[in-house]
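Note that the chains take the letters A, B and C in the order they are written out, and that residue 1 is the start of every chain.
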Amino acid sequence: MSERGAAGPGPATIQVSRIMRPDDANVAGNVHGGTVLKMIEEAGAIISTRHCNSGTGEPCVAALARVERTDFLSPMCIGEVANVSAEITYTSKHSVEVQVNVMSENILTGAKKVTNKATLWYVPLALKNVNKVVEVPPIQYARKEQEDEGRKRYEEQKLDRLETKQRNGDVILPVINPDRQTKEPHTVGYSQSSLIHLVGPSDCTLLGFVHGGVTMKLMDEVAGIVAARHCKTNIVTASVDAINFHEKIKKGSVITISGRMTFTSNKSMEIEVFVDADPFVDEPQERYRAVSAFFTYVSLSKEGKPLPVPQLLTETEDEKRRFEEGKGRYLQTKAKRQAQMQQAAQH
Amino acid sequence: MSERGAAGPGPATIQVSRIMRPDDANVAGNVHGGTVLKMIEEAGAIISTRHCNSGTGEPCVAALARVERTDFLSPMCIGEVANVSAEITYTSKHSVEVQVNVMSENILTGAKKVTNKATLWYVPLALKNVNKVVEVPPIQYARKEQEDEGRKRYEEQKLDRLETKQRNGDVILPVINPDRQTKEPHTVGYSQSSLIHLVGPSDCTLLGFVHGGVTMKLMDEVAGIVAARHCKTNIVTASVDAINFHEKIKKGSVITISGRMTFTSNKSMEIEVFVDADPFVDEPQERYRAVSAFFTYVSLSKEGKPLPVPQLLTETEDEKRRFEEGKGRYLQTKAKRQAQMQQAAQH
Amino acid sequence: MSERGAAGPGPATIQVSRIMRPDDANVAGNVHGGTVLKMIEEAGAIISTRHCNSGTGEPCVAALARVERTDFLSPMCIGEVANVSAEITYTSKHSVEVQVNVMSENILTGAKKVTNKATLWYVPLALKNVNKVVEVPPIQYARKEQEDEGRKRYEEQKLDRLETKQRNGDVILPVINPDRQTKEPHTVGYSQSSLIHLVGPSDCTLLGFVHGGVTMKLMDEVAGIVAARHCKTNIVTASVDAINFHEKIKKGSVITISGRMTFTSNKSMEIEVFVDADPFVDEPQERYRAVSAFFTYVSLSKEGKPLPVPQLLTETEDEKRRFEEGKGRYLQTKAKRQAQMQQAAQH
């Protein structure tokens, strides 16, 4: 490790480690995907805020704009150490790309596993004027093609963010906590769930807005309840689709996090999650949609093997349409993964 | 649940759900009554603050003034989901009545049980001037008699609050942490206990005062320690008498929560709990009694059946007097419950 | 940074970073020394548990045995990032020495400051038998003299631990929560304070015993209350004397953390803190002294400059004796520091 590395964190990487506690996990001892997402986002917020203030521009705080799709490759357990390392891999004029690796480490056996990799996009907001986006100091690339690849990723995510924004408007607020007694098991309404949280001081950044990681942790929690209600087994987060953070959420707001199942394959469940914020005291502002995302869960046996999941019963036209859309996403992801595996096999 | 309740978080109902974690429960896995009281209060604070800001008046935050007596009908376990739903059922000029239902749900079996029902009273305090009580926008009643019944409840609790305030002055601060070695088991002094807590930012509302739910959680925690010291078995909260919040507690205060056993029946223990606040830095204000209440606990076997409890040994005149008063409350509650059951049987 | 540093945590160093939140700080926004101590101990527990399991011995968990004296060189603020890096610097047959550096980083200005350095000693306890100390795999030293210096530190701390153990027995349990109204300001009794805490699952290691860092955080919290009661100003931790962890504390215990002021210099206050554990349900075991330590606090003006502190009024013979002992420690530390500065000036 270099002299500077020994003395403190260098400018371009950061490492966060923490022992997983009982509160980080479900009853079976598997760490919630949301705990991992929260750690990832904290590392990303530190490194990107640090970078955005390294130039001569005005003081700013990096706000999470987007998290790319991430797969949870292996479950973590209570007592294991989560090692999160983050580095900046691309900068545009107004945004920063951070790539994060998470490894679980069993400090008793020494066994280490890659848990997941994630890519996050941050936008720097002026400390004195939260509506002003400041300029990002450019990073140095070791090779020209790194910059070109980064620019390509930047353009792709930009397009996707615009698209989601439009789709977002269409979405109807899900029925919240229906009277489950009158619902058939395995219908959408049966497992649909919500959480409500009053945003406290420790949930927020210096700007007084909720950390993206806090929001993602709650989203994963509600998705987990939906999945458990549907399956009645031990369930774990398998992946999260790209999440776009369209609107900030202010300290003191009440946030409602709602989840409904949209699709089931043989061994996975897709859950759509919405976050709605109600800044009910300070301002005359109305309740608004802040974030939405798709979580995929799998059901595990006691030995940790994936179990078949009960098929989702769709009743309304909307439910049937969403099921087909979910199937589309599922098949697309599957095809992409197979292509990657073939590519890897050829090399 | 009414039609509106089913439709989602309208202006007048709210639903909060959360998975019970290890930190929410005792060593035997039974969720603390205090965890439930804290969730109930958070739901009540959200719905009443939202309602009080729905008119044209100045921004305000609802502060808990009183919780009516509540019975814990069945214990909850780690991994179960607590579903808390709250609705506003009456408004006076300066206060709001919230009724709350709590159901435990085993998301693996689908089994649901009513855990308890509670009634809370909130008073809206101006955001800019915490000593000013603002006016509450009136709610609409479906039937005239709902309003009349509400007004009756309002008058009753008002009377009771005045009475408790007077009684409160008499109470002597309990001895803290007696030297247990020198005390006989089953005496009052033997099980008497305290917790002392420094109030942090996350314990507080936007106004900088402790959430009523945080206080109740600590009260239940100390009552549980007293009961466990007396019984040496697994104990759970059976009921809480009406609690009045006379004095606010400011951020940064040190609070001492003390409990002493006052009465035992064959299968229950009554514990009196006091909360004293010491705003030790900011102000020349002296230590003051903020809240007091009676908690009833039962002892459970490993199969969850109520066990006989060792009888309390009273030594001093005061202890004997308090035992008789506790017996009075016990017999009164028992008579009331039998009357209700007979009434229910006749209908 | 080396390849291994970038790729993840090597076997011999660890880096932990976290943004400081409102809950980590006092009302003036200064981060509690206890927050830092807790982070330090978590890093130490991870790295030493990892190391002790790297050989062929049986699975074990490293338990904190001792923290050497540490100075807090500059206060940290909410929103700053605490960067904690730890490395193993010596191993004896049954213990591990970990050295930790903490730097605060203002990610808006880029300013970095050394907050403190600490040395911790851990002892590996068998996972299956907590009373069995297992053998520590030896580390490799770059130079022979590193090993010799380490052995010297090891012998010194061993001696000191024995000594404290003897002294500890003499100490009398402090009066808890005196009636402040009847006490003169600036007496020992006036500022004497306690916290009482029920140990929950998230406070504990895999072995079911309280993390040393959790205990130190509570100790610093009570010392801060004592200092604030004495001064009525903004106070911060300046240093902590060596802390020895003689006795483990089991999950479910009630712990009483008590602090009393022992000495004041012109600009500092020394506070003695005791931790007593009461394993009140599980066992016939009596209340016992688990840890004790001396904390030094300073009072800061709004500009962050040290203020004069009111002199402690000693009343009893014991208080006068403890004051003189405190003065001895103070003068000894001062002399040591001056010697170090002269030595540094000569080099």
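Here is the rule we go by: contacts are C-beta pairs under 8 Å (C-beta built on N, C-alpha and C of every residue); 3 or more make two chains touch, one makes a residue touch a chain.
On a predicted model such as this, the values are computed, not experimentally measured, just so you know.
*Asks:* Drawing the touching chains as a network, do you get a line, a ring, a star, a complete graph or other?
*Replies:* Complete.
*Asks:* Examine where the copies chain B and chain C touch and state whether the two sides share over half of their residue numbers (same) or under half (different).
*Replies:* Same; most numbers are used by both chain B and chain C.
*Asks:* Using mean CA coordinates as chain centres, what's the gap between chain B and chain C in Å?
*Replies:* Centre separation, chain B to chain C: 37 Å.
*Asks:* Any chance you could list the residues of chain C touching two or more other chains?
*Replies:* Only 22-23, 201-202 qualify.
*Asks:* Can you list the residues on chain A that touch chain B in the complex?
*Replies:* 22-23, 26-27, 173-181, 185, 193-196, 198, 200-202, 221, 224-225, 228-229, 232-233, 252, 254, 256, 278, 280-282
*Asks:* What residues of chain A sit close enough to touch chain C in their complex?
*Replies:* It is residues 1-2, 4-10, 13-19, 21-23, 42-43, 45-46, 49-50, 53-54, 59-61, 78-79, 81, 83, 85, 87, 101, 103, 105, 107-110, 112, 127, 201-202, 205-206 of chain A that touch chain C.
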